[in-house]
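What follows is a pair of complexes built around subunit A, which joins subunit B in one and subunit C in the other.
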Partner chain A sequence: MNYETIVIGAGLAGMLAALVRAERGERVMMLAKGHGSTHWAAGCLDLLADADDPLGAINQLVQARPAHPYALAGVAALEQALARVRGVAEAAGYPLVGNAGRNLLMPTALGALRPTAFVPATMVNGEARQLGDGRPILIAGLHELRDFFPPLIAANLRAQGYAAEGVYLELPPVERSHDFNPVVMARLFERPAFRAEIGRQLATLVRKGGYARVGLPAVLGLYNAVEVVRELQALTGALIFEIPTLPTSVPGMRLFHAFEQALTKAGARIQIGGWVLRGEGSGSHLHAVFSEAASREQRHMARRWVLATGGIMGGGLRAEHTGVISETALGLPVRTPSGRSDWFQARFLDEAGHPVFRAGIAVDAQLRPLDAADQIVYTNVAVVGSALADCDPIREGCLEGIALATGFAAGQL
Partner chain B sequence: MDHIELSLTQSLDHCIKCNICTSACPVAAVTDAFPGPKYVGPQAQRFRHEGQPVPDASVDYCSGCRVCNQVCPTGVKIAELNARARAQIVAERGLPLRNWLVARAGLVGRMSCGPHAPLLNFGLRLSPARWAVEKVIGIHRKAPLPASSTYTFRAWFRKHRAPATARRQVAFFHGCATNFYEPHVGKAAIAVLEHNGFEVLLPKQQCCGLPLISNGDFKAATSAHEANVQALVSYARQGIPIVGTSTSCTLTLKEEAPEILALHSEDVQAVAAGTYDIFEFLRSLAERGELKTDFRPIERHLPYHQPCQYRAHRLGSPAMDVLSLIPGLVLEESHAECCGIAGTYGLKKEKYQIGMDVGAKLFDMVKRSGSDLALCDSETCRWQITHATGVTSKHPIEILAEAYGLEL
Partner chain C sequence: MRTIETDVLVIGGGATGTGCARDLAMRGMRTILVEKGDLTHGTTGRYHGLLHSGGRYVTKDPQSATECARENVVLRKIMPHCLEDTSGFFVTTPWDDPAYGDVFVKNCRLTGVPVQEISVQAMLRREPVLNPRISRVFEVMDGSADSFLATRSTALSAEEYGAQIWTYHHVVDLVREGDRVTGAVVEDLRNGERIGILCACVLNAAGAWAGKIASMAGVTVTVLPGKGTMVAMNHRMLNTVVNRCKLPDDGDIIVPIHTVAVIGTTDVHVPDPDVYGIEPDEIQFMLAEGDKLIPGFSQYRALRAWAGVRPLYKDRDVANDRDIPRTFKLLDHAERDGVEGMLSIVGGKWTTYRLMAEESVDALAKRLGNTRPCRTAEEPLPLPPTEHQTTFRPPVRTTGPGASVAAEVEALQHAPLYWLGKHLAEVEREQSFADLICECEMASRSRVLAAIDAGAKNLDDIRRDVRMGMGPCQGGWCIYRTTALLFERRGQDGLSQANSNDALLHFLQARWKGLVPVLWGDQLRQARLDELIYVGVLGADRLRPIAEQGGGLVTDNPAVATEYVKA
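Let's turn to the complex of A and B:
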């Protein structure tokens, strides 16, 4: 069917762009090859890592680096985007808290502290400045949950001066006996009897150890996490906080679900499992894209397109061993280091980062893709998120920030 | 090694172990018997080698719903890996009688359809009979078995008089369910197609072979598909679209049989490329402005479940797209991964409860809607929905025929 806008990609950038356009009354579809990067990330909003005041630092960055995605989208778009995404989360009963003017420091599954600007309300009690109030902290987990080791987390927090101890809880009786990945655990936490038993064990530990705060893996329910945290706080008398786990990320899935609800409410269509293979245009106008489907391709028609397919990690860019980096959906020209030998610095942990991760699509002020001669490739395409050039989102700690700012900006065009 | 085998083997290396598939898998969500698509798919595949015994049989608990393929961000062909792994188990250990039987939808349908159907239907509603069937054969006593029809769709079609105004032709693939259990679905499809100016042709056909594939009987599935290709290829070569109302049959003709059974002849490819699910076909007409829109308003709010096998066509929601053209009709999408029946999966004694647990989200949604009617494109899913909720379920084509005001 014919859409006014088709957004390709279901990460934060694509979801926000689709939502903003659908809320303007357009017929919108979000088309994606699979579940988006939300399921891989911590479910927090990183704006800029290397700053106490990310918003202030972004204001300086947009002056110094005019091709950076933040500069293209503008700081105002970032601020509006943050307000909108917080509204989406709030409407799903899953508020995001924080401040664009001050980074929070959140413990990771290794007990390191990671700067980020907004976190779900279920995590905020673990913020480092609160952990540093001198009162004892308990990090608790379950043996059955892989890749979450409370003693390791506690030891690393202690090494940084926080009074943390680690403990394993007993798995309450359940019919399941294996494969306790984060999502299975989250479903168990939706059962009142399960979390009541966890609460009982924690209450005993809190009483004996005098813990003021308890950190748990971020598996406290898929759909009602705020309620689960509140309930555990009531049972234990301690402040509860979630610590992100390895993928699949339950907090990321909650964010995805919140957007899914908002998009459905706004009348947008979602097609997951449609891998875009190519586009078809004439001159600088993109008419159609074709997605992989059973026995033949599916053709999609729209007046306007948003490309939100991600970088190398998300699969929007593909790095070949031959030294070529290509854009996978529309075959757009990629700004890339000239040869494969220039992709990487000599040192793995070089502070300047590796040039290959700044590869991406160059765009004009309206996010339209440009070729090597700076000519617009398609006038009706906007490129958003990690597919954009001149930014290394993971190293710069701005993955969600540029996704939201550019996604929102594409919604306004 | 055929190209699918090669792509399956290579796609193992595209798995980044993110567990998105396991998180989305509706079966792993409700039972320990199935450790999840990542484990039995890309991970276990590294331990499976020709000529060596299968290391782990838990892949038999894969329902084949293909949600894993749908959500995988890196394009691993998990469902195909699982189907082939199951066939390897069957090749090694043989096919149990029960699976042999439920895989033969055409044979069972032919035997039960006819004037004696009411008696048979009555018999199968008796609990001692179902108890015996469970004990002897292994079909769960509560599992939804369809009521057989007193006449076949083909017999009706032979007497059917087509309007003389047709300008174009389509070939109709009715599948076993429409022929033996639900001729009314086929009648609605014929009425809609004829209303849109098509002459409907009825090729010779047999079971698409999907139940054989999903029970691991690749030998019988291959001969079923080859026979269908032989019967259908002339239509495909003439450019006459092959259109079906059973979304899993059309998926089998388009993709499952060629890919899973490694059948890649030019004829197979021509049939695959010429086959359409009915709403895919109608949507393409609508996109070209060729679909009639003389709809009567239907002021109803209905729950709609897109079957997992329809999502596996990777076409979005063609039925939603077309039905949205009917004034007044509002569809509420289930957003449920699967109804749990997955063809023959939920009929089996040891899997019935898993199937019911898988479908719980959908059943809740249907019941909460308060509607006395639910829509769903796949026959076994409709039977499952009605079994679990007591709500009547129809194929979306029946609503479309109603909106056109067509006499059936």
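Let's turn to the complex of A and C:
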């Protein structure tokens, strides 16, 4: 099969790039070895953490740091990307709410408040400005779910001035399950009887405690979370909100599913489980890549390529103990911060972030990969998302923002 | 200042000091042990994990070899739950002098170290990952040992006999009246309170810090801190300890312990036992040495690195540091320096800790007029509450030099020897899969709670008890869970949410120190994922303003901080 575009990587950046190109009528395949960081992150859209007005701050950032992925993609691409991703989520019945001009502060599973720009509708009732209305809040979980601890969350919220209390609910009767991880819990919430029982318990607590809001782990169903929230609100009379748990991220999986639907509708092909090992090109043109799935090598051909394999976490970059960092799919040159002795800060949570995670691929204004002499390596490849150099998406709090902005920009080229 | 009186004050909660406290208490002497950190905070908690057969010392240090061989058998009888009967090989690789094999066997015989040569084929059948170019193999009674558990169990026994064990109590001064040491001043690190302890005798078992303690009484004891680094790999690629058959050197032993295999060690002189770093070339050197024993060793994932400091005692008449013997030495400061009321026990190994305690306490007993005999070699240690009273018994060894001892230990019907499948078997029996707090190390909720109830002063103490956070995920999940459980369990006893936050931040940082030396490849990828979890999902970086030391926890106290210096 000959594709017009093959996107390598199935994170937000790759999915959006694939979608935009497919919607332009191209034959597109998205090829990935596994899921992207959607499955690990909070399932919100972080644009820039330490700013009240992320969009305003990004406008300044692109002036000050011309090599930053936001600067390469451009602010307009970010804004269009946001509109498109919200459309995708909306179409899947899972709207994202928020505003690029104002960060929301969302409670975490530690009870800290984390800034982010857009959250699923299932979370928005937990936003700190709403929580601060003085009315009592209940944080409820289940002992069986070890990725969410209501007493600590509530205590930390109280320490920040919110009237929260934590409680454990009784697990409604279910057949024996070996492990109640977030995904298993989300499947249980798909069952009407299960959530009716949770709703009954919550209603009693709300009646007794006069809670205006109830925070629950973000496991309220995989496919119809908005419905589940609505139903629990009706049963309890309180506003319900989800708080992200430890991974696996159910909200992230929902976003992934929303994109899956959109991609299928747009006629794109998705192949997960193929590990891209190398490319084949002549001069500055990439013809084909080779992937390995079930130890069988497969050759894929396309006219245009989008590399969205992520950074060190995604596996798109790999660091060796010798101090060499390589790009794993095509062997592109990587910009690496000096030697291994300078890779890390002494403190794990140092605000500056660890220099090693700014390693990545340098690109030109059309996101084409550059070598050390700033020459274009492949003219028909665009690099997007966390694989790009000069940015630490986790510490800067722009993981989803740069993925979407660059993914969208690659779709437009 | 509050003052307390006792017969003997033991300084140091490592293997040696804790062993002394048990022996003293069993003989009926009133005993207080003070340790500035948790038990095993010093070298005992940072060693290689090898129950020595003695083989390593047969040529250079025959007395040590004989001591190790004897104590090896004793420890199997008194602390089976802390030991795994891995057996051990001394192997001649192409890089080792082939003539040493015969010397080795001869010296084993002379020192009483049981040994038996086996064929290379037999070795490869048992451990197929070993280098097929190995030319000779000698089997000895090496084992692996959990020093945290052993020291905990020893302390528990000491307490059952009436000793007081004060962890997180730092000796800040010794009291000397004329020619006599009469006690010490200690600081309770949880709240800064100073307490005076009056005693008939101080027993200085402070390991690499023994010189610092002695100097508080105006006595010179030269302990040369020799740092050794170890690297744990994420895979237990073999089940037998392997040693290179040559004179002891760097990076020549691999010990399978719990779920990992640990290679070590190095020996680098450091000026201070509290200030040292782990150099990248030490790690690279050991991984390269590992490849000689196990081809491809360096391609496994390194999980973490740590270093401990050898307490090498330098006698006044030794001119050259290389000639320092590895045996232990009991110093009677009355005879040696004319200062009454203090003994120091220095040097030695983990394997010989009990013997060191016996000799020290014999000397003390004589001085205090106590004539009761030592019984620490006969009476088994109790099991701490974090351990299951397990009914599963590992298969008993039927071949090799350890076989007769294995049968003897089994016949005693104490707790069985530790074996790798133990925690999994317990989890299967209790159907507690769904209640694992640390999946990598199979630490269930009930064991974590038991560690909290046992008085953990920070998350690192819990780690020592149940190995939480020591697996491949680097604590990504279990650090959060354990923090929350600590808060839920102690919230009623004055531990605030701010104290739990501080415990979390402290542990994340402590863990980071051990990770940095081995961060590349998959381990770096995991570290990045953990950064996403703690920063991008949990917002732990935003907790500082609502975090505070206290609630009976000890986190950032300089007295127990080890400063890693960058190379």
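Keep in mind that, in the parts below, the second predicted complex is superposed on the first by the 404 of 413 C-alpha atoms of A that agree within 3 Å, B and C clash if a C-alpha of one lies under 4 Å from a C-alpha of the other, contacts with A are read in each partner's own complex, and residues count from 1 in each chain.
Assume a residue touches a chain if its C-beta (ideal position, glycine included) is under 8 Å from a C-beta of that chain, and two chains touch if they have at least 3 such contacts.
Since the model is a prediction, treat every value here as computed from it, not as a measurement.
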When subunit B and subunit C are modelled together on subunit A, clash or fit: fit
First, second, both or neither for A:Gln271, with subunit B first and subunit C second: first
Partner chain(s) touched by A:Arg213 [first = subunit B, second = subunit C, both, neither]: neither
Contacts of A:His321 with subunit B and subunit C, given as first, second, both or neither: second
First (subunit B), second (subunit C), both or neither touched by A:Arg21: neither
Subunit B versus subunit C as contact partner of A:Leu113, first or second or both or neither: second
First (subunit B), second (subunit C), both or neither touched by A:Phe357: second
Between subunit B and subunit C, more extensive residue contact with subunit A: C
First (subunit B), second (subunit C), both or neither touched by A:Arg187: first
Which superposed partner A:Arg254 touches (first subunit B, second subunit C, both, neither): neither
First (subunit B), second (subunit C), both or neither touched by A:Ala294: first
Subunit B versus subunit C - smallest C-alpha distance in the overlay, whole Å: 5
Doubly contacted residues of subunit A, that is, touched by subunit B and again by subunit C: 40, 177-179, 247, 315
Subunit B contact footprint on subunit A (complex, rising order): 1-2, 29, 31, 33-36, 39-40, 175-179, 181-184, 187, 247-248, 253, 260, 264, 269, 271-275, 291-296, 298, 301, 314-315
Partner subunit A, residues of subunit B touching it in the complex: 18-20, 22-24, 28-29, 32, 35-36, 39, 69-75, 251, 254-255, 258, 272-273, 275, 283, 286-287, 311-317, 320-321, 333, 335
Residue ranges of subunit A in contact with subunit C within the complex: 37, 40-42, 46, 108-114, 144, 146-147, 149, 151-152, 155-156, 158-160, 177-180, 244, 246-247, 249, 311-313, 315, 318-321, 340-341, 343-344, 346-349, 351, 354, 356-357, 394-395, 397, 399
Sites on subunit C touched by subunit A in the complex: 280, 283-284, 287, 433-437, 445, 476-477, 480-481, 483-485, 487-488, 491, 496-498, 500-501, 504-505, 508-509, 511-512, 516, 519-521, 524-525, 528-529, 531-543, 546, 566-567
